[in-house]
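Two complexes, one shared chain (chain A), two partners (chain B, chain C).
Take a look at the complex of A and B:
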């Protein structure tokens, strides 16, 4: 129980600290501007402007969410070590894994709040152009949260032992590879005798399968989404984040705070 | 059964590897240290001597290369060792967007304190460090001295029995230093053990019960302040010199120090062996001693003497 209270304290403080940072506000402003641009573009297009707004809007919100997760996430632990804000905190009876978990929860909460805010604006925009708000939309938005959470976890992992430049590089590489995970799988399945197959299988096993979380096209065209298409990616997202956080905690446990 | 010491280290060693060549830096070497309950212990040394690294090892901010450290008998690697410890880092930095009150409350929560206790204690501590009227302002507007005061407040939130202070007097103005010395003395009166690192030796001499001198990671001397000051007090000799004697050259040859005080010539003779050499010189008639007395050294002189002895 004491451990949970400490984790919650770290999470709340991280949330406050992130939310009060003006950079986040600028990112939200940027997102609003991009959504406005999506609306303008949809007016210029021929036919079904609501679909264009839905497609562009869902893509913009998730991309902004990923950008925030990436650029704020890579300094989450590193920044604390560099500035020395971590020293008085880890001088308390706080195990390092609790600190890592608390940072993840708090930062995820802040990113989630921004993401939800951006999506509310998108929904208002869709309502304004007469697009019905169907469950497909909610499902697509929900699964995108896991895409962002995976980026938060990966950025936090690299931040716990590496500098921001390298952390950004590693996270972006995994994110891009993760977006193409289905193509890698397709290549493995269609080339069973390829010499690179064992390596690609390892790569496929390690990278985050971000395609699992992409329901945006189904939302745009209001295609049927079976329940397991939402549940299994959720389970995958929870497990992937869990494993990444365990590795982050182990990496951070043995680090000297110079 | 006697209670374990507040701090105990055994052959505590920390090496760092730096740069592309992985050059080895011996930050702390075979440190055997014991700090008793209720004492004020000053850990003094030059910049880069290993003071901060020792504190980091005590707080598990860094892993020892070998050896061990314990706080009240609990190994420092165990987070429970820090349950009744307060810590003020050198040049404290805190979350820029939190207020002073929020920061103190956060620290209290990490110790598992109840909300009512946190509220009451943070109010009292912010008053103690003179930040009551700035309690609800974001820390990004705080000066270095204010952050130092706030750092002290957060270090005391859990009513600690051991307080570790890393260069606590460094960032403070003269009034702040006096106030902090009073706070430290007050902690001792309440039975708290205080371990602080410093290179401001005057302050250390004023408040410490025991002193440890660290240089290049090695503990050169450790003991009560009195013992350290009396270890090699030396002799203060006021003298007249015959016209043709080059006193400066004589001092250089024997390792004495020449001083001019009130227009009179004084020499400082470091130990009894050197005093015998002085008597021989006096017997030759080249110098005429006017007075010879035991010299009261301060911590700075004792510190320099220890460093000189170490350097051979």
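Take a look at the complex of A and C:
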């Protein structure tokens, strides 16, 4: 119970710090501007403007969420170490893994808040243009949360043992690879004799399969989305975040902060 | 003294920045003037392969398709505006697919060489005359005449087709590029086969949509004089789940038009059997009475009120 309280205390502090972060404010402003632009661009189409605004809107909200997770996430632990504020925190009876978990929960909450806010604006925009708000849309928005959460976890992992530049590079690399996971699988399946196949299989096994969380096209065209398509990616997302956080905690535990 | 220096420095630096911006604007105009000559083609020509765009989209292919579609719309609109502008001014203008002629008009200035070089409008004789059996002289219809007058040239149409092909590969469920794209390919560039290919691709991707076969029929009928093919397509469109009533009516009317009243009646009865739409059933009952399948065949007392166009389509052979 005491452990939970400690984690909660770290989470609350991290949440407040993140909300006050200027990057977040700028990104929110940028997101609102981009959603406005999406509305303008959708009106340039000869037909199906509501389809275009939904497409662009869903992509923009996810990308902004990912950018916030990336730029604010890579300094999450590094910033504390650099400023020296980590030392009085860890001087208290707070295991390092609790600190990492608290950071993740607090930061995730802040990013989630922003993401939900952006999606509410998008929903209002869609309602204004007469687009029906179908369950498909909620499903797509929900799964995108896990895409952002995975980026949060990865940024936190790299932030726990590396500097911001390298953390950003590693996170972006994994993010791009994760977005390509479906194509990597296609390549492996269609080229059984390729010399690069064993390497690609390892890569495919390790990278986050972010394509699992992309239901945006299905949502826009209101295609059938079976429940397994939402449930299993959620389970995958929870497990992947868990594994990344364990590695982050291990990396941070072995780090010399003196 | 210090204050004077400070203000002088602000004025000097401000002047330098303003002058630099002025030079930048001049350069911008210069570069754009060079670009203009090849812009229309190159903007389409340099669109990467769809696989590259798929990679760049990082999984959000539909969004990439939207943006590329908007770019295609700009291209189509620019050409239409360009022609409409000249029509508005009363300046005759022909493209003939020669790109260099269009370049003169990008800044919407009048080019007197063009005024003397081209004649007023596309001669009426050049407009495909394929709907005589319907007694519809669509050559007199201002909208269709205007559509035929919009002409981007066959070569530019090739680039437009490529762009539309990429858009529909990236998002096969996006209906507008199939329909609007094909109609513009046919109307503006005269590239009927590519327009039909695009619609065929749409039918394969979206077999339940009525729009693709309907517009295929439209192109075959109005541009290729392929009445039988058009009837097949429009009949196919009418069988799709959400086909509007007018498509069913048009399909039947076209069958009458090609002298196959028997087919029309059989077809209408089939639709009557399979549809659950009560409104459509009522319409079909009315139509069957007129076409000879109903109890009061041939009478005009219960002639369906389906608008002037259909009335004109129902003229006996």
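By definition in this document, the second predicted complex is superposed on the first by the 257 of 258 C-alpha atoms of A that agree within 3 Å, B and C clash if a C-alpha of one lies under 4 Å from a C-alpha of the other, contacts with A are read in each partner's own complex, and residues count from 1 in each chain.
Here is the rule we go by: contacts are C-beta pairs under 8 Å (C-beta built on N, C-alpha and C of every residue); 3 or more make two chains touch, one makes a residue touch a chain.
Keep in mind it's a predicted model, so treat the numbers as computed, not measured.
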Fit-or-clash call for chain B and chain C when the two complexes are aligned on chain A: fit
Chain B versus chain C as contact partner of A:221, first or second or both or neither: second
Partner chain in contact with A:9 - chain B first, chain C second, else both or neither: first
Touching partner for A:85 - first (chain B), second (chain C), both, neither: first
Chain B versus chain C as contact partner of A:257, first or second or both or neither: first
Spatial angle chain C-chain A-chain B, Cα centroids [nearest 10 degrees]: 150
Chain B versus chain C as contact partner of A:56, first or second or both or neither: second
Per-pair minimum CA distance [chain C against chain B, superposed on A] in Å: 32
On chain A, positions contacted by chain B and by chain C: none
Chain C-facing residues of chain A, complex: 41, 44-48, 51-52, 55-56, 59, 176, 179-180, 182-183, 210-211, 214, 216-217, 220-221, 223
Residues of chain C defined as touching chain A within the complex: 55, 58-63, 66-67, 69-70, 73-74, 76, 171, 173-176, 179-180
Footprint of chain B on chain A - complex, ascending: 2, 5-6, 9-10, 12-13, 16-17, 20-21, 83-85, 87-95, 254, 256-258
Chain B residues touching chain A - in the complex, by the definition given at the top: 16, 56, 59-63, 79-83, 85, 87-89, 91-98, 102, 106-107, 109-112, 138, 151, 154-155, 158, 164
